[in-house]
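The structure's right below; bear with me while I get my questions together.
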């Protein structure tokens, strides 16, 4: 798409250059202090708060003419909100967009990390609804900032203790808190805990934007990210008895799909690109073969 | 064979076309013009300008039309547009004592210099539906008195001459926070709190202000003065070094006068609560003034126990663009997270069932 | 019964402490030393300033003047008012305990008894679930709570049990100094007696120092080695408990003592 076809009357990527610079400063600070939530002057965007304004502002501030953008929601490129955000950037920047994880330089995501391992040079931008991992235990921002400053994180383990006492295991299945670089407790945004291990030592840069709460945080490439646990109850990820019905994958996060009103259901990869890629390479699940 | 749900794009496109159609309504009814909204729904326009923090009657009217009359949606549209505007200058503070007032009332004095001027108000109307408006009504003739030349000293200034009210001490050197550029920070100083309240949702502030009157942080308020009218906006261009006028805006200002019992070092005196809004927005300005006063509990050494006194609670929840977005984001898909919970609940239920079976067997 | 090392430095040294609310003087001119292993009772009617004083001593409230010097384990005597907030908070969850009158203010009501007791351990770095749980069970036993209740939330406990749980939650990190605000207030007389007995045993066995605010002279007599009588924000009399209660010097103390002797 040429520049002429982009939205008239608006700057490249919607935000003015001053605002983008302000956001990039916040991003740089966030990278310098991994896991620390940097307050920033979040702007109103033409999309509503809670629908990805933080991620959009981060993406808008770092996207350039040569970038290739991928946008996913729930792991998929074709969910309505992902379509809407991809359109927004296509209209305001005219950059190339893609659904292929390996072709993207910049990936904006809500609730997932792609299955295909990310590489050096790629940037993953998370949309974050509640950046504060301690929020459910302590509602006051003044108090949680103090807790971070003093690294007072005992109360987070109280919650995990309580889970084990009640359920015999840690019952947090998404937005599972992590310790970044051994210093800051951080919310990975509501990704399933299945994705947590991918954050550890990731070659790509991870940026987190929370628009309504006006916070940016980051994990620089190759940074230690540990999921909280107890010595005698180590962190574990979800496992399925089924494989993906379409591509047969046994190592991916599966969505459950109801296929009739008699309780019939099947499981398919949440990461649509990963699933298609596998099928293109000749991997099929129980229902995938018939489709081709 | 199952095919993963595709076609999000097409669905969105069609939904938006449908929205445009519903917005227009019955084609047999003439289309509403932006000018009509601007002229005849002026209080809605005022609210959208205030909470959208952009003084532009035409754009506010356009936003109302586009939002099908949903004012919170219109406010959102205006805010999103505001984001894209360049900042040319920062005006000097407006001087409301020089206001060309269309309305000016005080509840603390029966009569006062400049007089009580009612202006266009719903006050004292009987709230009976006027069926004459179902037809195109004629406007009655009004006898207008030109009050614009009459001096109207502020009520709070009169109290100040007697030393009965706290001094508003302005430190010209102190930096002024800018909520539209910087995130909230706590403890929030008054200039920041007032900015937040000015943009805050009228309904939220109304409820908060009302709660202070019902005992949740009572501050014994009196409507010292309410005035509305045009004030001049001035800027000081760097190359000139002196102030020039760049136009007028219409504002509503409310100064509440509140009791204060005094402390060890200070004699009892009155304190202030302040409200300001674009256009005619009396309810908003009054509610804002009540909440402003309630949130001054910290600086005045009062006990903080009511919601309206809790600056973190009030300031974090006053913005309807933030609130509306986040409440409605629950419509977005959450199936990845839900899947996590689904698995967890299933496993736990299965385990519990096994335990029960085992217990029954023993 | 009490063993005080007279060569040691005082654990807490309070100098000319005062707190005003506006033009109301809540407490003023309070000075005393607390020695390791000593239990000090602060008595007086409601409104006498004793709770304000306790809140100032325990860094819950900033006093208007004066100093509160605490003999820290690492750095020796330090004014708690000049500590950083981080140091004060660390002190609060390790070396100090605070037992509130209403156990609901001192407990996490939404989490289990075990987690309530284990919280301080986790706050100072314990990361083995089994060990934390064993230690919590151990402490429940010490405060006479059935270990079978370890996974129950405190809201299902009686008032006396809640108060004992609050005590266990505070003592699990073996603090040296515990502040108690009317620890038996709001409990039935028979429940009070059991709690007092328990407290007395724990204080002696652990060699705790404690400052106990109470309006109940019977509580003061049972627990405190020394008493401070407060009225209108000032200390009107202080001395050994038996001395103060059996031979009160100040007319106000005499009145207090006579009012419990002649009900």
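Letters are used for the chains, namely A, B and C, taken in the order the chains are written, and counting of residues starts over at 1 for each.
Assume a residue touches a chain if its C-beta (ideal position, glycine included) is under 8 Å from a C-beta of that chain, and two chains touch if they have at least 3 such contacts.
On a predicted model such as this, the values are computed, not experimentally measured, just so you know.
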Chains touching both subunit B and subunit C: A
Interface with the most contact pairs, given as the two chains involved: A-B
Chain whose mean Cα position lies farthest from subunit B: C
Where subunit A and subunit C are represented by their mean Cα positions, the distance between them in whole Å: 48
Centre-to-centre distance between subunit B and subunit A (centres being mean Cα positions), rounded to whole Å: 34
Subunit C residues counted as touching two or more neighbouring chains: none
Sites on subunit B at which at least two other chains make contact: none
Residue numbers on subunit A that touch subunit C, as the complex places them: 146, 149-150, 152, 154-155, 157-159, 161-162, 164-166, 230-233
Subunit A-facing residues of subunit C, complex: 85-86, 89-90, 93, 108, 111-112, 114-115, 118-120, 122-124, 127-130, 132-133, 150-151
For the subunit B and subunit A complex, residues of the former touching the latter: 1-9, 11-12, 76, 79-80, 82-84, 86, 180-187, 312, 316, 321-322, 324-329, 332-337, 339-344, 348, 351
Subunit A to subunit B touching residues, read off their complex: 10-11, 14-16, 19, 22, 39-46, 48-51, 53, 73-76, 78-84, 110-112, 129, 140-142, 167-168, 171, 173-175, 190-194, 212, 214-215, 238, 245-246, 253-257, 259, 266, 268, 270, 272, 287, 290-291
